[in-house]
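Listed next: structures, encoded as structure tokens.
First chain A sits with chain B, and in the next complex the same chain sits with chain C.
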Partner chain A sequence: MKLNFVILIALVLFSLWTVMTRSLIRSAIGLALTSAILTIAMFRLNSPIAAVFELSVCAGLISVLFVSTISLTHPETREEAMQHMKDRLTRFWYLPVIVIVAVVILSAMRMNLHFNLPTPDAEKDVQSVMWNLRQLDLFGQIIVLLTGVFGVVILLKEAKKK
Partner chain B sequence: MTPQSLDVFCFFCPFVLVLFIIGLYCVIVTTNLIRALIGIEILIKAVTLLLIVAGYITGHVALAQSLVITLVVIEVVFMVVAVGVVLGAYQHYNSLDAGNLRKLKG
Partner chain C sequence: MISLLIFMPFLALLILNIPFKDITKKDAFWAVLALSALQAGISLFPNASFWDSASDVIGNFFKLNLAIDSLSIVLLFCIGTVTFITALVAKHFITDQKRLFNFTSLLLVILAGMNGIVMTRDIFSLYVFIEIAAIASFILIAMNKDIDAIEGAFKYLILSAIATTMMLSSIALILLMVGDTDLSVISYAMKTSERAPIIMAAIGLFICGLFIKGGLVPFHGWLPDAYSSASAPASVLLAGIVTKTVGIYTLMRIMISAFGFDNTVKTILMLVGTVSIVFGALAAIGQADFKRMLAYSSISQVGYIVLGLGCGTGLAIAGAAFHLFNHAMFKSLLFVNSASVELETKTRDMNKMTGFGQKMPVAAFTSAVATLSASGIPPLAGFWSKLIIVMALWAAGHYAYAAIAVLASVITLAYFLSMQRRVFFGKLSGELKDIRETAGGLVLSASILAAITIGAGVFFPFMLNVFILPIANMIGR
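Right, the complex of A and B next:
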């Protein structure tokens, strides 16, 4: 259980680094690391198939997408980045305080580190759940995928016209 | 829910909430469009972890996994379209500032 605690702390730290770092490329790398740590947590919670999806798609594909987008745009200069950071700190100084207070309150809740994870009952495998119980989800996924493809095609067409 | 399951939930829930607050902070504070997308990604990660934990403590791991797979597919499509919109805005304004999108008409 202590290992789970370390994994979750690492997850929070990497996501904090992702949000707070000035460089966008470092943010994208931090997001990939957050996904990788989440994958480990998912493996430990007996969800290997979802974990593989998370690792290959979120840590892989989406990171590549972000890195290529960042490379297609020009980065902020150091002065601009510093100015943005100052603006953020003056406008939203209370948000980090809220985060710290939330962490203190939540950690004061009952957190028992010494227990064993219960072994879940053997359920039907993911394939049978996916194909038999959640057929409508698959239909929705196909519609969303087609919508995404059409959206990208229209965006590219508009970019070509310009 | 057994007391043991409640223990597991109480163990994971604070981290899920902190992750959610971090993502929300990123989305609220930033004016950079790419950074806002990164914040949304962190929010989705918090939801993913909550789904997996809920599946684990109720014993419906397969159902939780199938929901997470659906979530990942929708997340990817959303990100691809959002990145396309961000690049379009960048080509139009030569800037990634979200404030420029207020000037859009129609």
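Right, the complex of A and C next:
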């Protein structure tokens, strides 16, 4: 239970950092970290397939696509970036407040969410699930990854031409 | 053999990327044309043995959870047609062979992804195919070199990432509560499980993700930028079919096969649909940019589909599916014509356009067909789909929604007639006297789409019996 709290707090902190940080690249990295932590949460929620896809698609591929797109744009000067961060902090000061208030309210309510969850099948480890039960998804994920690689190659080539 | 619709595009992509001596980059274009034309052609025969999933050797061997029903066949026809048109437009716009090859390769990926979305009956596979289509679309938008395109792609990617996170979290919750991701199992659990409220919350999260992907108000922020900044062929594809399949069809499938039509959900869908209709129509009036106006109009038209879906009766959902078909045709047609105009004038600003009808008669005529169909003027196809939706709303006692749908049609007619008058009617200005009808692919594309729009309206009894009534009977409410 304690570990879940740590994961949730880290998830919230990295999400906030993603929204508030001053550079786009850092935002992209923040999003990748948020996705990675969400992956851990999903593993703990007994959803290994969702976790594997979150890790490969969101934390991996989407972040690479983000970074390659950002590399096509002009970077801001340090002063501009600082000004942007200040603006963002003034605009989104309420986000951390909302998160804290929500946590306090939910804790006070002591939400009782204990269900009789389906017992995890010991044989259904990630490997057997991927190869034996979810072949269509595996095929789909291969296309996703190939498309991502294809896209990064095209976009970076375009950047080089420029 | 339905699994071929997913495997063939991917196989073609692999073969085209292997450096055989006899395979050139030009073949990618012909591969897309052939596969999409075959798909559209075979979709016209819903009773063909091709659709029998029992005879699907590959699908049965790999235990793929694929199935076909009347709704899927309508979508497969739209996907085939719009992909075919996009390839023709791309051939005309992209002169560099290498870039055309990249574009058509991505078209093959999107074709496989969208076919997968339409045929799978598993919420997780649905998500995987949505990601395939979304990632390829993002690259298609960003391929256009200017900074607007990168901004459009970036906005799309950010909102798409948020939607993705919502959908994955939802799948995690569903897997936790139900122990399976098959839509029929989820549907059964919704009716019988003690955890139904949590499953409902999870599907609600999934639907919010789909609202973002479909560009519905209030999640529409990315849509006008993405549509207007993408290259002409990419905007035909995105506006014509990608957002409709990824966002709207998936929403319909989830509602029909898993979620069911709870009163609260029906109200939410009808509200979101109505707000989208009105907001999109009002925002379209104020636009001077041709493609942005079409993008806002898309939000409005998608609103009609969601309104029909929210009504929840068999007739309303069949009307929504027919409007989805019509929207794919007339909106692709309008984007093809905007591409023709942009190619000749190098601008999208409608204030600088006038009298193009004299020099571009095919674009002017087909544009008139599309705008009248979108505004619901008989006997064009858009009239029938809107009529079915309004009739179904009226029959279900939703008089206010029906009235708003009719009134918003008048606004649609107003902004489309204004566009038609500004761009195609009036006197041609001296500076633009040298413009001419864009030859070849664009004229052919516009003519095919206009013929479908007129044909589906004039031969409405055929459409009703072969496509619409089977959908209504399938839902059976």
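To be clear about the criterion, the second predicted complex is superposed on the first by the 85 of 162 C-alpha atoms of A that agree within 3 Å, B and C clash if a C-alpha of one lies under 4 Å from a C-alpha of the other, contacts with A are read in each partner's own complex, and residues count from 1 in each chain.
Note that a contact is a pair of C-beta atoms (placed from the backbone, for glycine too) under 8 Å apart; a residue touches a chain by one contact, two chains touch by 3 or more.
Being a predicted model, the structure only gives us computed values, none of them experimental.
Q: With both structures superposed, pick whichever of chain B and chain C touches the larger number of chain A residues.
A: Comparing chain B with chain C, the partner touching more chain A residues is B.
Q: Once chain A of both complexes is superposed, is A:Val67 in touch with chain B (first), chain C (second), both, or neither?
A: So A:Val67 meets neither chain B nor chain C here.
Q: Looking at A:Ile49 after the superposition, I want to know if it touches chain B, chain C, both of them or none. Which is it: first, second, both, neither?
A: In the superposed model, A:Ile49 contacts both chain B and chain C.
Q: On the A-aligned overlay, A:Leu31 touches which partner chain: chain B = first, chain C = second, or both, or neither?
A: A:Leu31 sits against chain B and chain C alike.
Q: Looking at the overlay, what does A:Leu155 touch: chain B (first), chain C (second), both, or neither?
A: Touch status of A:Leu155: both partners.
Q: Touch check for A:Gln135: first (chain B), second (chain C), both, or neither?
A: Touch status of A:Gln135: second partner only.
Q: Can A:Ile40 be said to touch chain B (first), chain C (second), both, or neither?
A: neither
Q: Give one of first, second, both or neither to describe whether A:Thr147 is in contact with chain B, with chain C, with both, or with none.
A: A:Thr147 contacts both chain B and chain C.
Q: Give me the intersection of chain A's contacts with chain B and its contacts with chain C, in residue numbers.
A: In the superposed arrangement, which is not itself an observed complex, chain A uses residues 31, 35, 38, 42, 45-47, 49-50, 53-54, 57-58, 61-62, 65-66, 69-70, 72-73, 113, 115, 117-118, 133-134, 137, 140-141, 144, 147-148, 151, 155, 158, 162 for both chain B and chain C.
Q: Hey, which residues of chain C end up touching chain A in the complex?
A: 10, 62-66, 102, 105-106, 109, 112-113, 116, 120, 122, 124-125, 127-129, 131-132, 135-136, 138-139, 142-143, 145, 147, 150, 153-154, 157, 161, 164-165, 168-169, 171-173, 175-179, 194-195, 198
Q: Over in the complex, which chain A residues touch chain B? Could you list them?
A: For chain A paired with chain B, touching residues are 1, 4-5, 8, 11-12, 15-16, 18-19, 24, 27-28, 31, 34-35, 38, 41-42, 45-47, 49-50, 53-54, 57-58, 61-62, 65-66, 69-70, 72-73, 76, 84, 88, 91-92, 95-96, 98-99, 102-103, 106-107, 109-113, 115-118, 120-121, 123-126, 128-130, 133-134, 137, 140-141, 144-145, 147-148, 151-152, 155-156, 158-159, 162.
Q: Going by the contact rule set out above, which residues of chain B touch chain A in the complex?
A: So the residues of chain B touching chain A come out as 2, 4-5, 7-8, 10-15, 17-19, 21-23, 25-26, 28-32, 34-35, 37-39, 41-42, 45, 48-49, 52-53, 55-57, 59-70, 72-81, 83-88, 90-91, 96.
Q: Sort out for me which residues of chain A touch chain C in the complex.
A: Residue list for chain A touching chain C: 31, 35, 38, 42, 45-47, 49-51, 53-54, 57-58, 61-62, 65-66, 69-70, 72-73, 113, 115, 117-118, 133-137, 140-141, 143-144, 147-148, 150-151, 154-155, 158, 162.
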